[in-house]
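The same chain A turns up in both complexes below, where it pairs with chain B and then with chain C.
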Partner chain A sequence: MVNILRSLLLSLVGLAPFAAVSIFFIISMIVGVGPDSNLATYFGDYIINSESLADAGDSFEDVSNYLFRFMYELNIALLSLTVVITLGWSVGSHYLNIDAPGKAKIYFIHWVIVSGVFIALLFGIVFYFTQSTAYLAQQFLSGSGKTLIIIASLVLYTIMYYVGVLLGTARFARSSVLLANKLPGGF
Partner chain B sequence: MKSSILNFLIILMISTFSIVEAKDNCAPEFNLAKPTSIIKQENKDSTDKSVFIYFDQSLSMQGYTKNQPGIKNLYVNVIDDLQQIAENVGSKTYYHSFGKSIVPIKENKISQVIKPSFYECTGSAADCNNQESKIHLPFKMAKANPDGTYIIVTDLFLSSKQLVGGTLSQLTKPLKSVLKKGKSVGIIGVMSSFNGTIYDIPTNEGGTVSYTEAQKRPFYIIVIGDQKEINRIKKNLEEQHFNDPEDKYKYSLITSSPIIQNLNDKKLITENNISSKVTKADNFKFDYIEENLPVYKFDIRNKSKSIKFKIKNSDIIVKGSNGVSNFKIENTLWSSKENRCNKINDEDWKKDKRINISKIDQNEQELTLSMFSEVPLKKIFWGRKYFYIVDIYAEKPGNASEETFEEWSVRDAEAEEFKDGNPVEFKTLNLTKIIKILNSVANDEFQPTLIASLALNFNLLK
Partner chain C sequence: MKNFIIGIGGTGAKCLEHLLHCCSAGLGPDNLWAGMVDQDEANGNVSRTKILLNKYMNLRSSLRNESKHDLAKDSNLFKTNITANNDSVWLPLKGADPTLEEVINYNLLKPEVKGLIDCLYDPEEKMQNLSEGFRARPNIGAAAMLATTSNEDDPFWSQIYKAIDAARGGEQVRVFIISSIFGGTGASGFPNIARRIKQIQQEKNVTSNFHLGGALMLPYFNYEVPEENMDGELFARPEEFLDQTKGALEYYSKLFEYNKIFDQVYVTGWDPLSKLANFKMGGNLQNNPPLFPELYTALGALRFFSAENSISENQEIFHIGKNESNDILWSDIPNVSNSLNSKDYLSKLIRFSFSYNWMYGPALTGSWSKIKKFQNENWFKRLVYKNTYNNETKSCEVGHERNQEIILLMKEYCQDVLTWISDMQYSTVANTDQKMDLIVSDFFSEFKPKNTSKRVDIKEKLNATEKKQFNTLINDSKNLKLLDIMSNISYKKIYKDQKGLGVFMDILFRSCEQ
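The block that comes next holds the complex of A and B.
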């Protein structure tokens, strides 16, 4: 049990810096950023389809509420998924009890499957938000804006997950996580 | 006390309903297009009107009066009846012949028009009225007294030199003035038997020759007056003379106002004008607002294709006229993020910057406005309420009449070659050119005319 708690703690330590970025972003979106802020300018320049909005007689301010809601709900969903899967793996890795030749390889296969499911869910959520008609704000995003959101989300949450599982995986199963055996002995 | 409470309740109820009514329009503030004044034909009593008939007395006309064995002589029949028709159109009929000048025909000589002797002249060529055909003279008379109805009977055989420079302007100036006053020119071409000589056929060398082998040749009845009277004369002729399938006749109306009406004036736009995808859509409602603006209210999905709105040509274009070759649309699209009418404020309506949203096409039967064909519904934001107002204008008159008469026309340059082919049915020299000239004068006087205005008020669903 101590080992599991230790894993969870280490996992949370791994998640924390990235989650902080995500939470900061989510809070900014919930509170709403000013029209002159850097974030609003960035959104205006790179994320939204300014031409379509201008054609419709709208400005960024007219649709910012929809866009901010879209962004924070997307990030809450991705953050929740990442945290749940990361902590889940960290706990679950303690229950991998394999005693067979080539067990490192079998641990690795387990990790790859979990990571694959995580990546698939990550993709699924991002696509649901950006490509389906579930959110009104989706239609205000430019093509490059959508690509940017997809790439940024995948990069941030994949790294977050990786660092989380890197630190949180049970010591005996560390060989399952890519490059985890390179960690110093103290971890 | 009771009555004051009752009064208060009544006032409250009335004001509430008024607000609901105003809000229920669910439309932004917009300016209705100003209707173009369509020249209305005067309903002047025909008993007040005078009819002036002008017979072309040139020698080439003589052949119409002589029968050609086995071929129906429509000239004699039609002219005989035309006098009767003219007398029905107006209270007084005045007869004239024209050639070098206009000469009144005495009443006892009118019947001579269908006799060969009417076109003969025993005097010197300089004194005779049958050596040339100054068709501009009756037009000049029409300009001087536009209240009358003018009927010109002629073979319209005009050489190119009569259709340029000063001679041409002698024809176009009075025509312009006549059209400006809302009058129209009807041309009825009738193929009749012919047994005589056609003079002044231009040769390639610059001279002229005559031709005697023609057995058929068209003559023309040109009517200058109100469209109503022109149609009446045409209808009478059709009923009485052109009922045999072998009878060949053509008709064209030259007018500066080929548009019958603005469809909004009499609220002629209905649910039937728009495609069934709208009338069958959820929450469909059709109503007139601002007195005569038809509004289609409905919900539609953003995957839907363009919305068609159709108008029958016969509802807007004067039958037999040169028609309209080009239509234009002026449109404005507004959207509101709030789609509940009672919650929409004036500031919620945002005007779309796109202008090229829809397109308009015309075929022989109808005019089709394809709304949201250029900016498809899938390219505009769903989840909003839209208000789209379209004004349809007739922009440029057509040239249908030129095509109608093309078959009977021969150009100066082709006349000699045509004659050398010994044709039995002889064509009219420069007919298309004459029609083209008449059309261009009419087109100059044409003003872009508002045909219809309509509005769509819809919720765009995902």
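The block that comes next holds the complex of A and C.
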């Protein structure tokens, strides 16, 4: 149990820097940013389809609440997924049946599957938010804005997940995680 | 404190075998000098213990070498520093094929003394070749023992003199003697050697710091003697054991009543007797399996050496035997002291032996090109690679000859432990109504009735299903799996003073603890 708690702690340490960025972003969206802030300007320049917004007679201020809600709900969903899967793997790695020398690398396939499922869910959530009609704000997004959201989300949360599992995987299961066995033995 | 143990005869040697395993598990004292007494030098039981003793000392010195491989001071694995003479077995009668006639110079005796000898010994006994022991004739053994010298120049007796000198110098010294009460060498050697030690103590005027303990094994096994080709042969007859024991007990009762030779005496018996499958009169073929009562005696010796054992002024006699039930369980094994739980230590050693022999030992065996496939695994990197890495050659030296010698010697020792425990469990209860449930051994060991040694053998390789049964190895409520061992070796703390292969060996040993 001590070893599992240790894994959880290390995993949280790995997640923390990325989660901090994500949480900061979520809080900003919940609180709302001023129209003159950098973030609002950035949204206006790169995320929002300003032309179609103008054609509809709306301004950024009119849709900002929808957009901010879209953003924080998307990030809460992605952050929750990442934390759950990372901690789940970190705990689960202690129960992988690695009972003999040389057996850990067999479980690489398990890690690939878990990682694949994670990325698929990540894609699913992002696509649900950006491509479905569930959120009104998605119709105000430009094509390049959607691409930017998809890429940024995938990059941030995939790296967060990888660093989390890299540090949190049970020591004896490290050969099952890409490059984790390069970590120092006593770490 | 200095400790000395002397195993007399085949039974004494067999009890030492148990004691050595207990010491490797960490149940022994810090230091111990071990010696054996047997006229039957080639005796299979004695040879087996002699080999085991050498193996223990070799492994311990290799793994407790502060400059190369060190298990660390706090490690319980091979805790006891056991020493022995170059030849750990003392032969009371030197020379080739001695007979009692030669030993007592019968032909040179006066006629009246010759007459006395003729009354005490029949012609067969006088002419019996004693190179294979005293054949359960303590009357021969007693005469032969008394006829031998016990001077300070003899390597065996010099240790006793040193022990008594150490006691005179103010150091606590404990000497323990083990033998059977019903055999030849043991029955005759036990009182004579004890009295000789006491005599030296008195000669040297040592009145404190020196304590003598002894263990007597009452009959605990028998065997069937084949009827053919036994006419005229002298050998130990099981039907005579009880009568011999009765006579010997009467003798000891009188001896102990008037003369305080021992501070503590441990008496062990077993009823019903274990039935041995192979009868051999003596020599290298007399290689009997380890039996459970011998473990009691070994634990008695360790209790005697324990620092928690306060020895009183009065002579104390302890006795132990089979409980009323026919089921023998871990709970029947007494603890060495309050802080040394026999079951915990022995089960740790058994688990260690299993996991080393079939899981980790093979991974560490061979050249670097074979071993290197594990170099990225945490246990290997942390416990082996880092500690066998040579900064000058910039390479891991686990595959080097000297390291491989230690790895293979440990594998052999682990096989000895597994054979010892599984053979003891099988042979103690074979062909009786008793049942011993200490370990589950049928998945890794087998008894082949056609095998001439009539001993249990352990399997060379185990398949995945058999390995998986590791969690049932020790019969208790706990359920330690091989996965737990792997997890433990990856996380157990390395002591600061551990070095080389000592790191891996100790961590694996500690990882086998519940």
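One rule holds in what follows: the second predicted complex is superposed on the first by the 179 of 187 C-alpha atoms of A that agree within 3 Å, B and C clash if a C-alpha of one lies under 4 Å from a C-alpha of the other, contacts with A are read in each partner's own complex, and residues count from 1 in each chain.
Just so it is clear, contacts are C-beta pairs under 8 Å (C-beta built on N, C-alpha and C of every residue); 3 or more make two chains touch, one makes a residue touch a chain.
Just so it is clear, the structure is predicted and the values come from calculations on it, not from any experiment.
**Student:** Please work out whether A:D55 is in contact with chain B alone, chain C alone, both, or neither, and reply first, second, both or neither.
**Tutor:** Once the two structures are laid over each other on A, A:D55 reaches chain B alone.
**Student:** Just chain B (first), just chain C (second), both, or neither: which does A:N3 touch?
**Tutor:** second
**Student:** Between chain B (first) and chain C (second), which does A:N38 come into contact with in this model arrangement: first, second, both, or neither?
**Tutor:** The answer is neither, since A:N38 touches no partner chain.
**Student:** Which partner chains sit in contact with A:S175 here, chain B, chain C, both or neither? Use first/second/both/neither.
**Tutor:** second
**Student:** Who does A:L136 touch here: chain B (first), chain C (second), both, or neither?
**Tutor:** In the superposition, A:L136 contacts chain B only.
**Student:** Spot which of chain B and chain C makes contact with more residues of chain A, would you?
**Tutor:** Comparing touch counts on chain A for chain B and chain C gives C.
**Student:** Between chain B and chain C, whom does A:A100 touch in the aligned arrangement: first, second, both, or neither?
**Tutor:** second
**Student:** For a test of understanding, state which residues of chain A touch chain C in their complex under the given definition.
**Tutor:** Of all residues in chain A, those touching chain C are 2-3, 6, 94-95, 97-102, 104, 170-172, 174-175, 181-182, 184-186.
**Student:** Under the stated contact criterion, what part of chain B meets chain A in this complex?
**Tutor:** Residue list for chain B touching chain A: 334-335, 337, 350-354, 379-383, 462.
**Student:** What part of chain C is in contact with chain A in the complex they form?
**Tutor:** 359-360, 363, 373-374, 376-383, 385-386, 467-468, 470, 481-483, 485-487, 489-491, 494
**Student:** Considering the complex alone, what residue numbers of chain A touch chain B?
**Tutor:** Residue list for chain A touching chain B: 52, 54-58, 62, 133, 136, 139-140.
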